[in-house]
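What follows is chain A paired twice: with chain B in the first complex and chain C in the second.
Then we have the complex of A and B:
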C-alpha cells in the first residue's frame, strides 16, 4: 500500500529535528549560506530554504488568528505526487514513482535539461548550479528506508507528532478526523492537489498565507500532455503518407529538380 | 584566403583539384571575434559550470540559452522545411532559386541549436540517454528525437549539394535518396515545431493565459512556417550584399504571400482561442503582458499581412520590412512565452533573472559561427543559383596522394 506523511501544521513547534535527521540520514553537506538563517528568513526567500544540500526546511509564518498573532511552522520538501509531472516530463526516465510512494531521481540517467524543474507544480526541485557536473536534488522520501518497512528519517524524530508516517489512505482519514475535531481549515492539502500527493497537510490557518500553491490544478499534470504524445506517432505517419502522396502526384511527368 | 586541395581519385590517374576560398572582410573579422569570445565563455562553462557563466537559478532554470538558441533557433530555421514542402513536394518550381539557400540556413540553424543544447544541459556527456532510456511520456522526448534525426537528415540533404564538388562518386546515391529524405525532412520538423509549444502546456497555471492554451502546438507550428519567408527575405538581402547575388522580387513576393496566408490562419485561430477561453480582458488590460501580446500580433502579423497583400510587397523595401517585422514578431513571441508569460509566476517570491553578459556572448557567438559557415558554404558550393556543378580543373601532380597549397 502506498505510504504517505501527514503534516499537522499547528502541532509543529519549529525545533527542526526533522531537518537535522534528513541531513544525517542522506549525508547532505553542511552549507555555509544556511549558517545564520532563521525559519522566518527562509519563509521570505525565493528558495524557501530548499537547496541542493537542504532537502527539507522549516519556514516560519507570523499570522493573525482570531485577533491574536500566531506563528506557524511549515515543513517544505518534495510533495511526492501520485502522478508526478517530473516523471512524465523527463525524456530520459531519470525520475521514477515507486509503488510505495517515493518519487526518486537517478543522476546517472539525467541529461540536465531542467524541464522537470519547469514542470514541477510545487517548484521544489533544486539544481547544483555551482558544480561543473550538476544534478537535480530533492527529497527522496527515504526510499531505501520505506522499502525496508521503516519510516522516513524526518518523521522518526518528530517530538510533537506534527509529522506522521503511514499508509496514505489511513492518513487521509486521520486528517479529516482531525479537521473536524480541531476546527481546522476544511481542506487536506495534497488530497487532490496536482492529482493528489503522498504528503498531506492540514492547518488551522489559511494555506494561501503560508506559501501553499492553493490554485494548483487538481488534474494530474501528466494528463495534460498524455493525449498529445499518444497521437504523435499516428500524426507523424499520417502526415508522412500524405506528403509522399503529394510528392508522387506533383512530380508525375516532371523533370526532377536538381 | 584561398586553399587548393588535390585529391587522388584513382591510383596513377589524373588528380583533380578543388578550390576553396574565403575572403576575410571587416564584418567577417567581427564575426570571428565574437565567435572567439563565445568559445572562451563556453570553455569556462564546461570547466566551472552553469552557475559561473549564467544567471540561471532555481526559480529560472530556463533562460536566454533555451529561449534564444533553442526555441528561437528552431523557429527561425523553419524556412527550410517550409521551402522543401513548397518546392519539392508541391513542385512550385518558381521558388526553386531560393530552395538551397533556405535549406542551408535551416541546417546551420539546427547545428546552432544542437551546439546550444550541448552547452545548455548540465550533463552534456549524457545527451544520448534518451535514445536508450525512453521517457516517451515527455514532449521533450519527441522534440529530442525529431531535432536530432532532422539535423542528420539535413546534413545528408546538404551532402547532395556538397557531392557536386567533392566526393562526387556518392552524388548519384544521395540524389536517389533525396525524395525519402525530403519527406522525412518535412515530417520531423512539423512534429517538433509544434511540440516545442506543447512543452509549455505542462506548466499549468504558471504561464500567462494569453499564451498558455491547448492551441500552443498549432501556434508554434504555424509561426515557424510563416517566419520562413521573412527569414528568406532577410537572408537573401544580407547574402545578396555580401555575395553579390540578388533574388528576383516576384519570387520573394510569392513566398511572402504564402506566408501571409498562414498568418491570416494564425490570426483567426488566435482570435478563436481568445473567444473560447475568454481572455479578451487580459489582452486589453494594457499591462505588460497585454502590451507585449498586442504588439506581437500587430507588428509581427497584422502589418506584415497588409504589406504582403498590398503593392508594398512589390518593392525590395517593402519586402525587407515584411521580413524584419515577421521575424521580430516571432522573436517576441518565443521570448514572451517564457519571460513575459512566466515572469509573474516565477518572480512571485522574489525570484529574478536577467541574462548575464556571458550568456549574450555565447548566443551571439553561435549566430556568428553560423554566419561564417553560411558565407563559406555559399561561396564554395552551388547554393545561390547558377545551376550545374562546378567543374574543377584537372592538373597533374607527380607523386603524393594528397597535396594542399594555401595562397
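Then we have the complex of A and C:
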C-alpha cells in the first residue's frame, strides 16, 4: 500500500527537528551560511531554503488571521507525486517512483540533462552546480527505511505530531477529519494537485499566503505528453521505412556506378 | 646443469584455453564464495525492481534513540542552539516538559512566540553542547577597551562556587577572591558583589512582607519571591492572576544595576552615561531580565534618556570563564582579592541566595529582627527544614508576638506548578514562599559550568554545601547587620520602601497570557 505523510501546519512549533533528522540520516553536509539562517529568512528566499545539501527546510510565514498576527511554520521538501513528471521526463531512468510511495534518484544513471528540474511543478530539485561530477539532489522519502517498514527520519522525531507517516489513503481520511474538527481551510494540498502526491498538507491559513503553488494542475503532468510521446517509436521507425522505400524506388534500375 | 633459458615450451591452442578457463573458473568460484560476484538478476540489477541508489547501501550515522527537541526562537535573548551539534536525543524536551513544565503546556498553534522562561536548564541537560547561552563576551571586551567608559561589574552569590569548575577545580570550590582578582585583571574598573543587594532585597522584601501581614499594604498573602526571572516569567505566562502575590522588590541583580548608575555614580562622581554595568550570573534568564523595559530605573530617576539600562550586559559563569581563558589569565595562581567598597560587602545571608531555601533562610533571620527588634536566635542560622534538594519544602518559624509563621520553599517549575494549582484552589497556608525556577536554585542555574555527567543532586548538594560553608564562616550572618546596607539607607534611600527605594528597587509585572493559549486540560493534550 502506498505510504504518505500528512503535514498538519498549525501543529508545527518550528523546532526544526525534522530538518536535523534529515541531515543526520542522509549524512548531508552542513553549510556555515545556511546553518545561521532562521526559518523567517528562508521563507523570504526564492528557493524555500532547499539546496543540494538541504533536502527539507522549515519556513516561517507571518500572517494575519482573524485580525491577529500569527506565525505558521511550513515544511518544504519533495512532494513525491503519484505520477511524477521528473520520472517521465528522465530518459535515462535515473528517477523512479517506488510502489511504496518514494520518488528516488540514482546518480549513476544520470546524464545531467536536468529535464527533471524543468519538469518538476513544485521546483524542488537542486543541481550540484559546484561539483565536478554533479547530480540532482532532493528528498528521497527515506526509501530504505520505508522499504523496511520504518517511518521516514523526519516524521520519527516530530515532537508535536505535526508530521505523521502512514498509508496515504488513511492519512487522507484523517486529514479530512481534522479539517472538519478544527475548522481548517477545506483543502488537502496534495490530494489532487499534480495528479496527487504522497505528501499531504492541511492548514488553518490560506495556502496561497504560505507559498504553496495552488494553481498547479490536477491532471498528472506526464498525461499531457504521454499520448504523442508514445507514438514516437512508431513515427521514427515508420519514417525510416518510408525514406528507405523512397531510396529504393528512386534508385531502381540505376547502375551502381552511375 | 643445463640452463632452461632459450628453451621454448610448446603451448597448444587447446592447453592455453584450458589454462585461461581454469583461472577464470577459480576466480568465479572464489567471488561466489565471498559473495562479491552475485550474478545480476532482473530484480537486483541497477534499474530493476528493488533498486536502491548506492548512497543508501551503507547505514547512516543515525543515533539509536531520537525524540526531537524543543523549539528555540532565533530571537531568544538568552539561549541559542547550534543545529550541527544537535543529535535529537530529546533531553531538552524531557527537562522542559517534565522538570520545568513549560514545553507541552500550551495549545497549538502557537500565537506569537514560543513559550520560554529562559531558565536554561536545557543547556545543562544537552549532552552534545548544542544548546548554549547567547554569547555577549564581545560586547564586554569592547566596553573594557574603551578608556572613556567606567565598567562596573557585579558577581552573583552562586558564581563564586561554580567558576572554579571551569578551571578543573572540584565541584563547589569557593573561588571568590580569585574571581575578583580575575575581573580586575580583565580590566573591570569596579568590582561589586551582588550579595550586597541580596541583603538589600531582604530588607525591602522583608519590610514588604511585614506590611502585608499587618495589613498596611493591601496585597495578598502569601507573598512570593521575585528574585528569579525565570520564575517571574513563568507566573506572567501561566498564572497572571497570582501576579499580586509576587513581591514587588526587584531581583538583586537589577537593584545593584539601578544603584550603580545612581548611588555609585553620585558618590564617586562618575557620569552615569559613561557607566557600563555588567553582571556575572549563574543564569541565562538574567539576560532576558536585564532587557525588560521596566529595568530602566536609573534613566527614569535621573530623567536622562541617554543613560543605558540598569544592567547593560549579563554574562553567565561560563562566559566569564571563556573571557579569562581568552585573556590568557592563569586562574589557579591568582591571588585572593577583596570586592570594592560601597556595594561590595555581603553577609552570610546574602551568599546563600545562591541555593534553594537560601532566600527564605535569610528572610526569616531579618524578619525576626524587623518584627521583634531583636537579633534572631542561633537556631535560625541553621534552618534545616528549608535546606536540601527536595522540590517542595515547608517550615514553621516561631517569631515572638506573631506565633508560628509558615513558609514554603520550592525549586523546579513543575513543582511550582503543582503548588500554584493548589494555591488557586484556595489551599495556601503559608505567609511567604520562595520559588526558584531551576532545581536546586541558582547554584545549578542555566549559566553555571556544564558538568561532564548529567545534572545530579550530588553536584547540587556539593555546591550548596559550599555556600552554606561560606555563610557559617561569615562574621556577619544577618542582612540587616551589613554596614553598607545601614550606610545606603542613611545616605541615600532613607528607609526600606521609602519613595526613593520604591522608585529604584521595586518593579511591576506584566501578564503574558495573551502571548499563547494555555493547555486546556490533560486529556486535551496535543503533544
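By definition in this document, the second predicted complex is superposed on the first by the 235 of 258 C-alpha atoms of A that agree within 3 Å, B and C clash if a C-alpha of one lies under 4 Å from a C-alpha of the other, contacts with A are read in each partner's own complex, and residues count from 1 in each chain.
Rule of thumb we're sticking to: contacts are C-beta pairs under 8 Å (C-beta built on N, C-alpha and C of every residue); 3 or more make two chains touch, one makes a residue touch a chain.
Just so it is clear, the model here is predicted, and its values are computed rather than measured.
Visitor: In the superposition on chain A, see if there is space for chain B and chain C together, and answer fit or clash.
Guide: Result for chain B and chain C: fit.
Visitor: Regarding the shared-chain residue A:6, is it in contact with chain B (first), chain C (second), both, or neither?
Guide: Touch partners of A:6: none, neither chain B nor chain C.
Visitor: In the superposed arrangement, which partner chain does A:93 touch: chain B (first), chain C (second), both, or neither?
Guide: both
Visitor: Is A:109 touching anything from chain B or chain C once the two structures are fitted on A? First, second, both or neither.
Guide: A:109 sits against chain B and chain C alike.
Visitor: After lining up the shared chain so the two structures overlap, which partner does A:243 touch, if you call chain B first and chain C second: first, second, both or neither?
Guide: Touch partner of A:243: chain B, not chain C.
Visitor: Between chain B and chain C, whom does A:81 touch in the aligned arrangement: first, second, both, or neither?
Guide: A:81: touches no partner chain.
Visitor: Determine, under the contact definition given at the top, whether A:159 touches first (chain B), second (chain C), both, or neither.
Guide: Touch partner of A:159: chain C, not chain B.
Visitor: Tell me the contact category for A:226 with respect to chain B and chain C: first, second, both or neither.
Guide: In the superposition, A:226 touches chain B alone.
Visitor: Using the superposed model, give me the angle at chain A's CA centre between the CA centres of chain B and chain C, as a multiple of 10 °.
Guide: Taking the centre of chain A as apex, the angle works out to 130 degrees.
Visitor: Between chain B (first) and chain C (second), which does A:30 come into contact with in this model arrangement: first, second, both, or neither?
Guide: second
Visitor: Using the superposition described at the top, determine whether chain B or chain C touches more residues of chain A.
Guide: Greater contact footprint in residues on chain A: B.
Visitor: With the two structures placed on a shared chain A, what shortest C-alpha distance in Å links chain B and chain C?
Guide: 8
Visitor: State which residues of chain A lie in both footprints, the one left by chain B and the one left by chain C.
Guide: Looking at chain A, the two contact sets intersect at 93, 107-109.
Visitor: Please give the residue numbers of chain B that touch chain A in the complex, ascending.
Guide: On the chain B side, the touching residues are 46-52, 56-59, 61-62, 85, 87-91, 93, 96, 99, 120-124, 126-127, 129-130, 133-144, 179, 182-184, 186-187, 190-191, 195, 198-199, 201-206, 217, 349-351, 387-388.
Visitor: What residues on chain A touch chain C, complex-wise?
Guide: Against chain C, the touching part of chain A is residues 10-17, 19-21, 23-27, 30, 35, 38-40, 68-72, 93, 96, 104-109, 140, 143-144, 147, 153, 156-161, 204.
Visitor: Mind pulling up the chain C residues that touch chain A in the complex?
Guide: So the residues of chain C touching chain A come out as 46-47, 51-56, 60-63, 66-72, 74, 82-84, 86-88, 90, 93, 108-112, 114, 526-527.
Visitor: Any idea which chain A residues touch chain B in the complex?
Guide: Contacts found on chain A: 44-48, 50, 85, 87-94, 107-115, 117-119, 121, 123, 125-135, 211, 213, 215-217, 219, 221-222, 224-226, 228-229, 232, 235-236, 239-240, 243-244, 246-247, 250-251, 254, 257-258.
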